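Some structures to go through are shown next.
What follows is a pair of complexes built around chain A, which joins chain B in one and chain C in the other.
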Partner chain A sequence: MSEERMSVIVTTIASLLFPFIFIFSFYVIMHGHLTPGGGFQGGAIGASAIVMLIVAYGAREVYKKASDEKLSIFESVGGLLFVLVGILGFILAASFLSNFLVGEPIFGNIPPFGSNPGELNSGGILPLLNIAVGMKVIGGLASVVLIMALAGGEKK
Partner chain B sequence: MKKAIIFVVFAAFLFFAAYEIHPFGELDDSRMDDYIIENAQNETAANNVVTSVVFDYRGYDTLGEATVLFTAIAGALVVLRRVKNE
Partner chain C sequence: MNVDWLLEHSPALIIVLPLLAAFLTPIIDKFSKKARNAFVIAVLIIEEILVIFLAHDVFTNGIHIYTMGAANPTETVPAQAAVPIRIVLEVDGMSIFMALISATVSLAAAIYSLAYIEEEKGKGKFYTLLLLVLVGMLGMELTGDMFNMFVFLEVLSIACAALIAYRSHFGDSVEGAFKFLIISSIAALFVLFAIALLYAQYDLLNIAALASAINYTHLDKIALVLLIAAFAMKCGAVPMHFWTPDAYSVAPSSITAMLVAASQASLYALFRVCFTLYGVTLNLATIGAVIIIFGLLSMFVGVTMAIPQKDIKRLMAYHAISQTGYMLLGVGVGLYLLTKPEFSSYGIKAMEGGIFHIINHAMYKGLLFLTAGAIYYRLKTRNLNEMGGLGHSMKYTSIFFIIGALAIAGIPPFNGFASKLLIYEAAYKVSPILSIIAMLVSILTLASFVKVFHSAFMGPKIHDVEEVPKSMLAGMAVLTFVIILFGLFPGWVVSNIVHPAAQALADQAAYIQAVLGG
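Here is the complex of A and B:
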């Protein structure tokens, strides 16, 4: 059981780095409408943080904290959020996925034309969709790597 | 004989398509690009025009991409879960 676990140095550094990588992932997701990146890229970064924990601690130990069922639920909630935002656009504005938040107080500030520093409180529904896709990618990639590590570690 | 005829017909179509293809490096109609560059910041309130295309103008495409991801992950979980339970 504990032979999957790497040495104390590796596990300590992995635990130290994990929150920073996750914060960076959240930053890339949240600034998807301002800087390069977005839901897919930030989600891949967050999934790689969980993969780092799997490498350091072994799949079983990570499975106790975050099983693939939980990660799948996280992913499905992201997918539902995406569709829900699309349907809200259908109800509140013209069509499915129409940007109904432009000009509203939440995420609705319209930036001036041309290059400008940008602000977080803009983008309409784009930040919501980025969060949804980010949740999907974090949950999906992490659950796939976790289940593959569990299946690969099985030796009889 | 039949195979040869089918081969010739398909080769003719292929060469015709290759002959009619858009010349490499030549400028294309730019009305769509101009529209997006002019109006993306006003219509989607986002500075990153690439994101506004991916998530707003082509939102259906991103929804399909997310569905592809979901299907791939569901397939991987279905195939590998049996190993875990045995």
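Here is the complex of A and C:
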């Protein structure tokens, strides 16, 4: 098990970088409705942070903190959130996936027409859907890489 | 929540319900396995009821439209725009007919799976994927948007590939799944490229809006070739059938039954593209003849390849190819005659035969694969030479097998007879040779199933086995019930379900009008 773990320099840098990569991932997800990127891209960045930990600490040690079962639950919750936001469209507005948040205090502002720097507090349900997709991608990609890393490690 | 509300939103609900259930299944799985099983079955039963509910409305009141995210679900063209921008679900007779097949087969497969995969690992993921396969099929069938169809095609392909490889400890499962995945990705890329060609010219993705704008330019012809090739590949038509025996034979049997329905969703997409997207702009004689030739080749090559097989599921997989040929023949004859005066007399009859054969095939081929699974469940082999004498101990399974085998061979009073007769009669008027080949294939089909029945169920008792568990019998019974029902009342089924479906497929103008208005 100790063979998988890299030197203390690598592990320390990885631990230090981990929160920053996650913040960047969250930034890309949250600005999905304003800038290039979105749920999938941000989620892939977040998953890459976990992949970095797998490289630095070894798959087994990461597995102890975040097993693939926990990650797949996280993934399911992401998928569930997406469908639930869609279903709320039925209940609060007229049809599936209707933008029921327009005009509401959360994400409900309607930005002025024409070129503007972009307002985070807009977009209606789009940011929520991006968050759901981001959760799904983080959980899905991270568990795929984790399982492949574990399967590769068994041969030793 | 009243009935009108439910009816208005049912197209979206039909897709959303299994999607929601698919993501809930792994969470429920953490707490209780029994609750998970009950949940999946309950969802599929509700789904079946919803589909029948919507089908009843579509068959009485005509096309049902649902616009995702609009303030009013029937408002397809937003006030600020001239063309449909949002995703539109368009449910006509043909769509809901296919949805009925998908929902019924999925229900039977899930009930069957309860006991069938009892000893396997990762059952939570199995049911999640099973529900996602259903989502993919229903999405492809109910959508009125080309790109949406592509997305659901991908959902369907990936979920199917994962399920084919479910028994990953067998090397051949992984091989079959890999082949399926490669074929699906190529087909999906073809479809995407074709959609891009259409979008570049017309700035439209909605099928109805595209159909009204299309004028059969050279680029449209390229797109048509790509779409026909991709969907024919996915539905397993000869000469692009090579993945079918590999994937069908290695998947768990309940999944093989669903793969049959999944292939038919691609067949539906093929018909939708030919009849609705291109419709009368096509060079009907050529494209109709191409589809008929695909059909004849599939019928003949499929059945001749099936006869020498020793692996029971591989044999049935080749028969699935051969039966797909009947559907292509029937509907191809309809397409060939679409604008001719003969269409209203026997062209529509040929289409009815082809379309009726789709539902019949899904039921009896699903049943046959489930019986093959039952044999595998007890003997752990698919080799016909190692079977024998199972009729002594597995009485119900052998009865179900006889019903399925007689239905596929087109013996009255089972349902295969009704649809094959319609195809023979109509195809004979186009060219007698078509009917002769179809009948010959039918005889060869019977011959090969007599062989299977003899080697698996007849003879002295050599295996000391018991009947399969009740849930597997219940899954088979669901399909048997439909087969017998359709076999006893083919007239009612044809005039109330199949004829509206064929009419909906042939009537391009009504499909366009439902979205774009007068």
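To be clear about the criterion, the second predicted complex is superposed on the first by the 155 of 156 C-alpha atoms of A that agree within 3 Å, B and C clash if a C-alpha of one lies under 4 Å from a C-alpha of the other, contacts with A are read in each partner's own complex, and residues count from 1 in each chain.
One rule holds for everything that comes next: contacts are C-beta pairs under 8 Å (C-beta built on N, C-alpha and C of every residue); 3 or more make two chains touch, one makes a residue touch a chain.
This one's a predicted model, so the numbers in the text were calculated from it and none came from an experiment.
Comparing chain C and chain B on the residues of chain A they touch gives the larger count to B.
By the document's definition of touching, of the two partners only chain C reaches A:I87; chain B does not.
Of the two partner chains placed around the shared chain by superposition, chain B is the only one that A:V144 touches, whereas chain C remains out of contact.
Look at A:G38: by the touch rule set out above, it reaches chain B but stays clear of chain C.
When the two complexes are overlaid on their common chain A, residue A:F113 makes contact with chain B while staying clear of chain C. By the touch criterion defined above, A:L97 reaches both chain B and chain C.
Contacts of A:S67 after superposition: neither chain B nor chain C is touched. After overlaying the two complexes on the shared chain, residue contacts for A:G79 are found with chain B and with chain C alike. Contacts of A:S48 after superposition on the shared chain: neither chain B nor chain C is touched.
With the contact threshold set out at the top, residues 72, 76, 79, 83, 86, 96-97, 99 of chain A are in contact with chain B in one structure and with chain C in the other.
Per the touch definition, chain C reaches chain A in the complex via residues 9, 12, 16, 19-20, 22-24, 26-27, 30, 66-73, 125, 128. By the touch criterion stated above, chain B contacts chain A in their complex at residues 41-48, 50-52, 54-56, 59-60, 62-63, 65-67, 69-70, 72-73, 76-77, 80-81, 83-84.
Within the complex formed with chain C, the residues of chain A that make contact are 69, 72-73, 76-77, 79-80, 83-84, 86-87, 89-90, 93-99. Interface residues of chain A facing chain B in the complex, by the touch rule stated above, are 32-36, 38, 40, 68, 72, 75-76, 79, 82-83, 86, 96-97, 99, 101-103, 107-113, 116, 118, 122-126, 129-130, 132-133, 136-137, 140-141, 143-144, 147-148, 150-151, 154.
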